[in-house]
Amino acid sequence: MIIMKADATPTQIKNVIREVEKHGLRTDVSRGDFRTIIGLIGDERKVSFERLAMLPGVKEARMIETPYKLISKEYAKAAGEKTERIVKVGDIEIGGDEVVFIAGPCAIESKKQLFTIAEGVKKAGAQILRGGIFKPRTSVHSFQGLGGGGEDDAREALSWLREAGDKFGMPVITEIRGETQVDLVAEYVDIIQIGARNMYDQDLLVSVAKKHKPILYKRHFGAGIEEFLSFTEYMVAEDNKDIILCERGILPLGKGKSYTRYTLDLAAVPVIQKETYLPVIVDPSHAAGRRDLVFSLSCAGVAAGAVGLIVESHNNPAEALVDSQQQITPAELKELITACKKIRRAIGDRHNGG
Amino acid sequence: MIIMKADATPTQIKNVIREVEKHGLRTDVSRGDFRTIIGLIGDERKVSFERLAMLPGVKEARMIETPYKLISKEYAKAAGEKTERIVKVGDIEIGGDEVVFIAGPCAIESKKQLFTIAEGVKKAGAQILRGGIFKPRTSVHSFQGLGGGGEDDAREALSWLREAGDKFGMPVITEIRGETQVDLVAEYVDIIQIGARNMYDQDLLVSVAKKHKPILYKRHFGAGIEEFLSFTEYMVAEDNKDIILCERGILPLGKGKSYTRYTLDLAAVPVIQKETYLPVIVDPSHAAGRRDLVFSLSCAGVAAGAVGLIVESHNNPAEALVDSQQQITPAELKELITACKKIRRAIGDRHNGG
Amino acid sequence: MIIMKADATPTQIKNVIREVEKHGLRTDVSRGDFRTIIGLIGDERKVSFERLAMLPGVKEARMIETPYKLISKEYAKAAGEKTERIVKVGDIEIGGDEVVFIAGPCAIESKKQLFTIAEGVKKAGAQILRGGIFKPRTSVHSFQGLGGGGEDDAREALSWLREAGDKFGMPVITEIRGETQVDLVAEYVDIIQIGARNMYDQDLLVSVAKKHKPILYKRHFGAGIEEFLSFTEYMVAEDNKDIILCERGILPLGKGKSYTRYTLDLAAVPVIQKETYLPVIVDPSHAAGRRDLVFSLSCAGVAAGAVGLIVESHNNPAEALVDSQQQITPAELKELITACKKIRRAIGDRHNGG
Amino acid sequence: MIIMKADATPTQIKNVIREVEKHGLRTDVSRGDFRTIIGLIGDERKVSFERLAMLPGVKEARMIETPYKLISKEYAKAAGEKTERIVKVGDIEIGGDEVVFIAGPCAIESKKQLFTIAEGVKKAGAQILRGGIFKPRTSVHSFQGLGGGGEDDAREALSWLREAGDKFGMPVITEIRGETQVDLVAEYVDIIQIGARNMYDQDLLVSVAKKHKPILYKRHFGAGIEEFLSFTEYMVAEDNKDIILCERGILPLGKGKSYTRYTLDLAAVPVIQKETYLPVIVDPSHAAGRRDLVFSLSCAGVAAGAVGLIVESHNNPAEALVDSQQQITPAELKELITACKKIRRAIGDRHNGG
């Protein structure tokens, strides 16, 4: 990390960047109100910080040991930037004054199903509409989402999602599973989701980040927090800081009967908020894997400081083609939203890692 | 489980018990307002339920497959008892209308230290006083609590705890670690704690249960929920139903840096509440292992439905002999209690697994 | 699964396939010596097995509940095929009479380094040469392999690998990380590796399988065995059965200091061998993460029944750019190979799940 | 740790001990051939090592940071003692030139059953006889072993075990579960076993160690290696170094179907052997939880360097009252012993962490 003097000139900044790039590294330049910070992308051991410190305009040059630097609170502070980033999607502010609720069906099954649910969740108080098209599935023998039917089917489902979002005034989000889907999905949605199973797919991360759209990025169930944040850095290194991080449950203890699909690691919420400036939300649906726990885990998530929730919702959960056990009705969603808003007020400014 | 007819006579009940005991099993008799239920303790495959069903006064006789029967909601329902038990300790109701806060130092270090902290936590709003005397420690080379100094030291520390509780109007609780400590501890405290590391110690469970005092029983960090409840049954089989269950964190994922000591499994709170009638509380201090997360995890615990919290509190955490990293001050405790009370109101009757 | 009569005609088989495809499923046809089996790929609940059973030429039609069917021993047996598949790569038989040793550097650093190591491991007794070009890395700030330098660099490194393999008479293998690398890599290597981090990347699996080259497929450190086998099915559903499965360690317990990078789950070797006909090998290097354990874990792997090992080897481990802690020298490799061959003889025909 | 000069006098040694005890610590004195080492038991921060270093006869005084010191290879080296301890039980050497096989029924059911099995395992090649009397059970409703029937039953079962051992020339071992059983068990057996579930029970450890008999100590399924070794130190601090450590499986991954009861962590074998001088054995039966994996895991254990195995064996596994799924017949035991002996020769002097 190189901190430039307050009066450093553009030429001096350019010189520093050139010096860094000479060693095969890339740079991330943060121009704060008071000073400019140059973050290094690549192996910092290749450059001489002593030499960099002596270049004109440089105030301080030092190595950052953590595998995630560009997303760290420390980096934001050094740049004089806000230590809590708000990701804006249309009028919605994720990480702002209100808890944000993302809701919709696990998988889009038909235009009618989608519109019915979209209307329901909007009335219940949700602000953003989700709907799965490319479903990651454990079994090749399971329904793979409408995206599994080929590009034409995928495009049609995407257009329904766009239309439903526009009709009910909600930005839309869907999950991407492979590099070949990036262009298509980016054409239609406001937020691109990278699911837990693709968390480690660094080529996909880079490819999505380059679209410069907000990204919802879920923690893998086997990933430590350091690893999760370290992979997040792949996207920010492409100069896309509109990343929303999502905790959705880690591996359960393997002892006896499993009462939930995953173990929701709620401590991860304040921990990540203390480490980075990115907003953190919670997915109670996949963590629980059962409808009757979604209320409690949603409330707990907001109480832990999450700035939003992504909840699977279906007008008729029992007949859903995917995840029928864990989707809640719009009526249940409404009850949950009401409680969560009160909880946000109860914790005051202690949300977001405060 | 044997359900007697509403008009079954005491002699008929006695006959059924005699028949069961003939096969080497013991019984648990629940006399509800409308009918009597006889629970079987031991291997149910040894008795003939067909034969039992034909005895006079018997309405229904059936095997229960779950390894925890006597503590199950199903059993309480069958007996016509309340499906949410309130454990009473003096005037305090654990599992009642208010969240209960248990607080105090990790380890009692001196009389002065204990009284200072007791006064502080009382003013902050805590209702029950905790203080460790027999400390389970990973290393034989660490401070083992005043109980490590022999029986006289232990007795003195226990008397301070009793005195502090009486002076500030709080029931008291301390942890027991081995069978030889049971008599001594039971003499002084209102609630006996069995810690996570002793969760599997079935001889200790039986020995403590026989004292017929309320027990705070913590889940081991490697224990599945089914296992935790199954071991709880050892105590209830001794006819002691005043058991408070406590979630305090399970093994963290072993990937990279650990940001917390354990992973607080908050889904366990509503899950256990759906399975059993026993009250469930949360220990945010040991789960976090760091002071700055205690507020968030406490709020999340109450939002998940916990009916109480046990929080390590110290007037001067930095100088504590044990767990100095995770204890909070009485001032911090007060802020936490205020927020938690609001959260309880926010979730309404959805606490306790509702 | 549909079992055709011994005298079923090609037309009858075609009719059955047409009937299945009508419902949106695909088929896998195994023509054994005595009969033909038609496996179903897709949601079996969509077809009527009663109806299929009545078609001409059909002996039996039944649903298979397991998420992995096409790779199951049961399926091979039904088709009259061998229940232990040998994957042939040139003259090498993986799953045959001898343990197969795959060795080479974690990452290819230069042509000279590669050739030196190739010669060393060949002399030590290795039969297949490995060398990493597209390195999956936790940190964007780490060396990403020569493949990180762009397509030209990748192609050059691949040509070295090919050349080294040809010169020293060893088939070659390298890892692939994203869909855009498939064509390029398939052009040069004999076996394509899909690493642990990409285990869940179903689009990549399909894309690699379509090359119809042998695949080395590693279990993710957070994946259950059922899940690992279930994802394997994505490749076999593309009619590629030359899959070598690899156990390389699962998440370690998160308690205290980690003495190894992962926990090598050796029971997985016989377990997988009992479930499927595919050969199973072990990677001791990544599991251990430290050189001094590679010998013991290699011996244990072969004793557990593994039909091969993939071992990171470097002429000068201390100076390796990646994984310097866990690579062993060719001399150490030789000692390990000698011991493993004796162990294979000691367990006799009990290798491979016997 | 205080290293005395070669010519230090008994009085000088006594003075150092007195100085240490003044601060509330205890000492462990190792008199090697060339010099004497004084290990400190308790919180080393309480003593001044600078002051100790200046006492007459002291060569060096330094703090050891690891939570296990008295059992560390470093400590043995400093004392000039052997870095691989052999635990002798009668004529049997655990940690000596041969792999040692401990076998017998999970639970003793009757005298006849025990003698039949004892004869069988002896003929198969086992050297030590095991038999459970106090069975730790998850459910209060399961068979608790003959020890569950009261002291008289326990004493009778213990006398059978003693008699069977004497008749067939095998030392005997049984598990202890609570402090009240220590005196009784120590009266009859040659090795006292502390099972996985009691690993954390420090009061029990101290109580057993004081009997000064060899102890077989099993790692808890949720315990890190550091923790396991740290608790071992409680026994050695009572001046009992005849401890045999046993790996028997850790928590399995909680993803999907479990194919084994636990995950056998075989890397723990060489890791522990590198850290401490105590012998390490493996229990394949409890790790697997199924008979058909016992052969493979036994071979893998010996290949990993274990100096012995403890295997559950029953003449009629299907009818065993406890663990019927995982016991093997004497015939299967014989095959396993034959293979393991060959494997031990195959790894040469690389057993025991070499």
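We just call them A, B, C and D in the order they show up, numbering each chain from 1.
Keep this in mind: contacts are C-beta pairs under 8 Å (C-beta built on N, C-alpha and C of every residue); 3 or more make two chains touch, one makes a residue touch a chain.
The shown structure was predicted, so the numbers you read here are calculated from the model rather than taken from an experiment.
Trainee: Can you name the chain that lies farthest from subunit C, using the mean of each chain's Cα atoms as its centre?
Mentor: Farthest by centroid: B.
Trainee: Looking only at C-beta pairs in contact, point me to the busier pair out of C-D and B-D.
Mentor: By the number of C-beta pairs in contact, the winner is C-D.
Trainee: Report, in whole Å, the distance between the mean C-alpha point of subunit B and the mean C-alpha point of subunit C.
Mentor: Here subunit B and subunit C have centroids separated by 48 Å.
Trainee: In whole angstrom, how far does the Cα centroid of subunit C sit from the Cα centroid of subunit D?
Mentor: Chain centres of subunit C and subunit D, defined by C-alpha means, are spaced 38 Å apart.
Trainee: Report the inter-centroid distance (CA atoms only) between subunit B and subunit D in whole Å.
Mentor: It comes to 32 Å between the two C-alpha centres.
Trainee: In subunit D, what residues contact two or more other chains?
Mentor: In subunit D, residues 221-223, 227, 251, 253-255, 258, 263 touch at least two other chains, as defined above.
Trainee: Hey, which residues of subunit C end up touching subunit A in the complex?
Mentor: Touch residues, subunit C against subunit A: 40-44, 67, 69, 136-143, 177-181, 197-198, 200-204, 220-223, 227, 230-231, 233-234, 237, 251.
Trainee: Mind listing the subunit A positions that touch subunit D in their complex?
Mentor: My answer: residues 221, 251-255, 258, 263.
Trainee: Which residues of subunit D touch subunit C once you look at their complex with the stated criterion?
Mentor: Residues in contact with subunit C: 222-227, 250-251, 253-260, 263-271, 274, 287-288, 292-293, 295-297, 299-305, 339, 342-343, 345-348, 350.
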